[in-house]
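What follows is a group of structures, each given as structure tokens.
The following pair of complexes shares a single chain, chain A, combined with chain B in the former and chain C in the latter.
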Partner chain A sequence: MSNQKKRNFQIEAFKHRVVVDPKYADKTWQILERAIHQIYNQDASGLSFEELYRNAYNMVLHKFGEKLYTGFIVTMTAHLKEKSKLIEAAQGGSFLEELNKKWNDHNKALEMIRDILMYMDRTYIESTKKTHVHPMGLSLWRDNVVHFTKIHTRLLNTLLDLVQKERTGEVIDRGLMRSVIKMFMDLGESVYQEDFEKPFLDASSEFYKVESQEFIESCDCGDYLKKAEKRLTEEIDRVAHYLDPKSEEKITSVVEKEMIANHMQRLVHMDNSGLVYMLLHDKYEDLGRMYNLFRRVTNGLLTVRDVMTSHLREMGKQLVTDPEKSKDPVEFVQRLLDERDKYDKVISTAFGNDKTFQNALNSSFEYFINLNARSPEFISLFVDDKLRKGIKGIVDVDVEVILDKVMMLFRYLQEKDVFEKYYKQHLAKRLLSGKTVSDDAERSLIVKLKTECGYQFTSKLEGMFTDMKTSEDTMRGFYGSHPELSEGPTLIVQVLTTGSWPTQPAVPCNLPAEVSVLCEKFRSYYLGTHTGRRLTWQTNMGTADIKAVFGKGQKHELNVSTFQMCVLMLFNNADRLSYKEIEQATEIPASDLKRCLQSLACVKGKNVIKKEPMSKDIGEEDSFYVNEKFTSKFYKVKIGTVVAQKETEPEKQETRQRVEEDRKPQIEAAIVRIMKSRKILDHNNIIAEVTKQLQPRFLANPTEIKKRIESLIERDFLERDSTDRKLYRYLA
Partner chain B sequence: MDRIDHLFNHYANRSSSHLIDPEGIEELCSNLEVPHTDVRILMLAWKMKAEKQGYFTLEEWRRALKAMRADTISKLKKALPELEKEVRRPSNFADFYVYAFRYCLTEEKQKSIDIETICQLLDIVLGSTFRAQVDYFIDYLKIQNDYKVINMDQWLGFYRFCNEISFPDMSNYNPELAWPLILDNFFEWMREKQA
Partner chain C sequence: MGISKDRIKFNVGGRLFETTATTLANAGRNSFFGALFDDGWNLSPQDSVIFVDRNSDCFAVLLDLLRTGDLNVPANIPERLLHREASFYGLLDHVRTARWGPFDGNRLRLSDSVKGTSPGDGTAIRAGPDGGCCVAHGSVVHVYDWMLEEHSPINLDYQRVNDVGWIDSDNIVLSACERLGRGDGGMGLFSSSSGDLRYKFQVSHENQVKSYTAGALSFSPDYEIFASCKGRSNEYGIGVWDQITGKQTDFFYESPGWSLGDADKLQWLNGKNCLLVATLFPRKDNCYISLLDFRDKNMVWSWSDIGSPMATDEKRVRDAIAMEDSNSICVVNEFEDLGFIDLRMYGGSVRWSSRSKLMKSKMPDEPCYPKLALHEGQLFSSMNDSISVFCGPDWVLTSRLRRSYGGSICDFSIGGDRLFALHSEENVFDVWETPPPPII
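Up next is the complex of A and B:
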């Protein structure tokens, strides 16, 4: 034994081919066959697992794997055929139960058999690539039971019937359903889909097709949606309880298609209950439901959005073009704000703040607000109203909220420059009449406008505030250096820098002597301290407080405009005056004078002057005298007319003209800016870029742009290209 | 050369400065048997590159007559048809067209010509080639109120219009392109008439 090569110590299987008696194989097989029978007959308790396992092992070992395998299949098949007869024989409700029971039994048996045949599973079947025991057991069940013609259709129909029953409100055995349907799933995804899911979906589709038709004929939109939602919830619940989770998406698609997609248009447009009705009546719950259901189908939300948009546009258009509604500008704007609030609430409460709906809301407002050319003016009047009235008691925060909302409307305006013009006029009036409620509120709005429109928009406005402040200082200086004037009428002057304030033509007016003396003193004082300036009295913008004593001794303090003061002071020296006399004495222009006299003589409760004849209008032949019987429960009576009002037609034309004139240099500046950087540009592109640049201020008219281009060509800022007529070139 | 100068002096006699003045031109026209307002006089001015309307300098006179090989009135008269042909050649006509406008700018820094003069000028310069366009456009100019004068850009625009736009249908005209506004307005006016 020595000197032998060292070898690895190995254990080898006994290779000696034992010739086994074929009868041995048969005997062994019989043992196993009998065991299988017993297992299926629920009589397995007496079996020895170890012994059976060894028998199977030996068969495979001695190359009888095929016999074992074939035997297993044959035996199992025979049993299953028997079982399916029993199942088929079951009546009514017990059919499903029988099936389920037999299925459970089969699974248990299969498991046991598989354990016994484990060695064959791992060796013979592996090497021959045949189907393993467990999957084979399932396939045999499928082929011999489920696909057994007498069971197949009946099984499917039974299941579908139960679903139908449940849909109509009956209670079914969900546990049994789950078990049977799980059987399909265990048999393989294709079995589940082919033998159950697909027919289930088809049947459901039919069911919902019919049901949705019934509902749509008999329900209103809100109710229908409730029902649809309920069905959807039910189906999801059904899947959770006894179907494959993968079926959820498929069945919900069916419901969505049949109940919603197929009836979308009809639902949305339903008279007296559809989308428009819901919007008008703030039906948040219904709207929310509609949103959630429609978002599940293609173009669902698009449909809702489109109907909402056209409704908004129509409503807005009517609101804005109704002459009745344009009578009161403040009401007009308030209505717009209310509508916007309303739809904002709808979108945030019911539509989950969906951005596409926000955009639709904004574009609709932008569309109709600009249908009325007076919108910019009205918005400014609204702001004026809020900033002027004595809103004592309203907290600053509330004013902020209102101003923010107004800014929203402002953003929709195409003609922002028109707004600017009116805003300046109204601001000027507010500042000069001392009627602005809160400097902070005014400043806050200017900041918002600056943020929105840029520095140029608001730079001049700041100038107005500065002038007011400077004037205060000037007045202090004036009275400081003229202490003798502290007795006698008090003069308060606001000195306005021409560029910053809206331009007004100076109106002639003869001031009463006491006043003009004072004014002259001021003029010399001011020019003494400010050389190189020129002062012009704006008599159409001033106010005066006059103390008056009437016939029976009634004392009142009248707050009037400068013009009114001039007229009233005349009556210190005359009891009765004709229109012509007044006109001559004051030199106030006719239209202003008539308006002034009207407010003094024709307004109930404020008629300190009486007129003959007592007609409504001022005629040039009328005569006037003091109303000695004038009474008012207030000591201070306000008669002034310096309040911002809706413009008359001719005033409106004039403002519009000024706006157009102002636009010309802006257009030219834009053209020059663009051409300076681009050097050469073609016609269509210039139009597009100029329009874009000016869009924050106003919508530029292509014809107007063309005019400006031609003007610039004439002045040698630009030239046309000699070969390509469409091109323009910048001339440095 | 002498004969050319001699001819010049004949017409320049009346004026104090050494120029042919409007009266001289009138005499020249009658000698040439060409009406005073005939386009050929304008063409002659172009050939001379005459700078001031109504006046010819010696240099200008020499320039034209030398090029036209004319040193007598009869030769000059015979050379006119050739001149016309030359001017009407497309390569020259555009230049002539611009020249015609500039020639009418009589004041210093003047950039536009009044409507009435423009109408006459259009007739003279384009009347023979674009009779219909000129007639309709003149009609329009007389009744419109937007423009009291016409500038070079608009003048050139009309020439392009005649050359490029089929008339009177104007089917290939697009007011959204870079045509001068006055032509857009003319186009609108024509359309209204045709409707």
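Up next is the complex of A and C:
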């Protein structure tokens, strides 16, 4: 503004007025306008660039920049209006080609016009901050061609039609498509989005809404997912071929929403093909497809996971509560392991090792394993089975694998202390009967338990191993000091520390004289070397190898239990004995004796004695005699004891009771530990904290905790707050 | 044959030239030549001579520039003509970059002296980023582009200008005094090419817009503008504005007994993320130098000569500049003695370097206080009619720039690879440039 005023004071302005022909600007502009026409009509060969450039330069120099600028806009607008009519006139398929051709022409012309107007672009437009020639040319095209009413919707519909055609399997001219879409992108992001992308997404959404409805009515889940996956890759492919890469996310989300999110529940729950079907029939490929598709939508995986979890729980519940399955503990645990392996495989192959799925699997197992109170016992029995004989011949690595799997199940157990109880019993049996196959495997499992539950958990188990070792040394010492005993029967004693081993009521019995003499010698030897100890014979745990000669002179070595030995030894002095006589002579408790006789007389092929009358069960009036006709192709014959592998009902009660008894001091210790640090705590909190602290071992029963608190109050460890009865106070 | 295809003939204003397409390609696509040889214009270079209706002498110079990258202007060609022609061909940027070389304080040569029309002494001169400059005279700022063509002068309500600064090659910030009760003055953003006022910066105190006097200016690379401000009531301190939105973003109020609002000099320290604020004698009786951290509104370092035993008149600090590389502040007294203050110590003292006081005896009629500038490890100090250049870790005097007329240098500024020095006795400023690198 002040610029103009100042100029007026200068003399130079006078010169300009003289030089300039009043029609100069119009004349010059006419030349340029004609050139623009020629350029658009592709008739530029006769034009002199130098002349046009110079004319445009002169116009700006002589302050006609404004005229030049508006003139260029008016001329170009007129041209584009004309072109748009031509494009509009194009029929059918040639419409898009015509548009594309005119667009390319326009670009070329725009480039040339910009060249002519370069000086204006650099000086006049720069200083007046107007739109530069090139972007101006693009927006004129947008306003006069793309947004021309007769082209706008037709262009969009043509493009959407072509996409639709391609979706229904027709082949379209992707190159043409790409150039036209590229035009939208060149015109600016907002033009592309408003004039193409948004309607395209809307149309796609409509298309997939209809299609997905069709599919879901006609296909099963697996096929549906295959189709959805195909559509998704098609759309991604489409974006790569002729759309803006930024559209990929948007179009995939449309497909995801219409094809997956909207039908999620129905797909998952589809009868005879849904998720449960896939799980039951090991359809890993379909499961993987489902995972990959569902992960794309919100709550997709959550839905899959929920259905898998409820299926797992249902299946697991049936498995553990089925009384048939509980009959064979080894089979029971093996089934659990198989299920676990199966789902591990599903998660690793189909669900991309998704952590949340692993967690769901773990929580489901934890849920149903604990539904059966006997799970700890069964798991221990399974281990027992494996360590007794199952592992024979399996290489160490496989042993480790099995043990690791068992540990996995062990982790799910809430009542780990119950497992410990059973494990101790089973381990004791294995150790004492010498049936443990691999010492390494045994120790390996103990190490695993130790890392899982701590030193306290396994100290007694380790004590058992120590006892076994010391007993070997003791026996060597015993026979060393009694060289005369090398003749006659051999006695092997295992000295077990009370407390480390599962306590079993010592069942008294009358040992045969030969044995009891030896026992006495050992007792005096042992007590002589270790003062202040007490020895009790656990005859119910022992075994014996005895040699027997049968009727035709055939010799056999019989491997029997201590009780069986006592019974058989009686037949050295008698041919026939009644049940009563045997009971009197051995003083073995009735239940044990019956079992013992059953195994000697009633097992086919191993019945070294015969019973009268012949029957499966032992009656009080039965009588027994040696089976002189006994034959076996083996020299050594092992007479098994008819043991109920599983516990009998009263035994179970007993174990349970022992467990409960053992828990009491642990609960009390936890209460005292907590109160010692907290000093004052209310009832609910103390229950919660105790439960939490004992979690790794067992799930404490709130009523039991309450009882323990009462007991501690009685013993003056705690007191109730005098004002608030809910509060407990720690007494130092 | 391949060589001849490359050949191009021009008839410029009646004179014949012959060159190659390769040479012309150096002009770039966005030039007359770039467009001329574009495929759109089906030119057949072999059989025709291209006519260009322009000055042939200038064409020769510019063709040479494209051939060699060197600009050699014969004495008979006026600068303005050459620039006009370069502008026609779109080669103005080529001319500018060939004109002078990268800045080196020890290789400067005087390239021009520009005489202004304003009466009275200049206040400040500021170099622009692309070789232009602006000069504040009283209430008006004259703007020159790199061709030293003067554009429309700028003013803010014709109030006395305290400082000016370039935000970029097209935007200048001007700080001015307020007139009591009129709400004018303060700070404005101007277009350097048209001189139009684009934006006026405001100070708000307790949600009320206040009129104020803006003093020294500084800019940070984070698009912030700092200015020392004096308001009517107690808006004394340093204001901060956003260069893009123009809105005030912060205000550092000065504490009692310390001076910020009167500051002579602000300097943004990018490495330390701090602003150096220096208020110096004679604006105040004492000197106050402080570093402000705006992130936690904290004065992280300060120095003052209040109560200093050595505060004799001879050791008055007249200008200060922070040198981040050596963690120190360089100060200068009126005898051009340099002193250094360690930034790592709080409240340290000035370590003056003893230089001979040659100037003391022959002071000119109109003495000017020394000013300091720092450019890529070179320290510049103006004193009377000369500028000294110091280099190296011990700041050894390596060059002295002086010319015979114009009197003392009241301000100087370095930017756009040029040094501008404004004289106080006559209204003239000098332009110093580093010549282009030698031929071999």
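Everything that follows uses one rule, which is that the second predicted complex is superposed on the first by the 705 of 732 C-alpha atoms of A that agree within 3 Å, B and C clash if a C-alpha of one lies under 4 Å from a C-alpha of the other, contacts with A are read in each partner's own complex, and residues count from 1 in each chain.
Keep in mind that, in the parts below, a residue touches a chain if its C-beta (ideal position, glycine included) is under 8 Å from a C-beta of that chain, and two chains touch if they have at least 3 such contacts.
Note that the structure is a prediction, hence the values are computed from the model and not measured.
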Touching partner for A:112 - first (chain B), second (chain C), both, neither: second
Partner chain(s) touched by A:713 [first = chain B, second = chain C, both, neither]: first
Touch count on chain A, higher of chain B and chain C: C
Which superposed partner A:702 touches (first chain B, second chain C, both, neither): first
First (chain B), second (chain C), both or neither touched by A:636: neither
First, second, both or neither for A:54, with chain B first and chain C second: second
Chain C-contacting residues of chain A that also contact chain B: none
Chain A partner contacts - residues on chain B that touch it in the complex: 111-112, 151, 153-154, 156, 160, 176-178, 180-181, 184
Parts of chain C lying in touch with chain A, wherever the complex brings them together: 30-32, 35-36, 38, 40-43, 50-54, 87-88, 90, 152-153, 193-196
In the complex with chain B, residue positions of chain A that touch it: 682-684, 702-703, 706-707, 710, 713-714, 720, 725-728
Chain A residues touching chain C - in the complex, by the definition given at the top: 1-3, 6, 44-45, 47-50, 53-54, 57, 108, 111-112, 115-116, 118-119, 122-123, 127
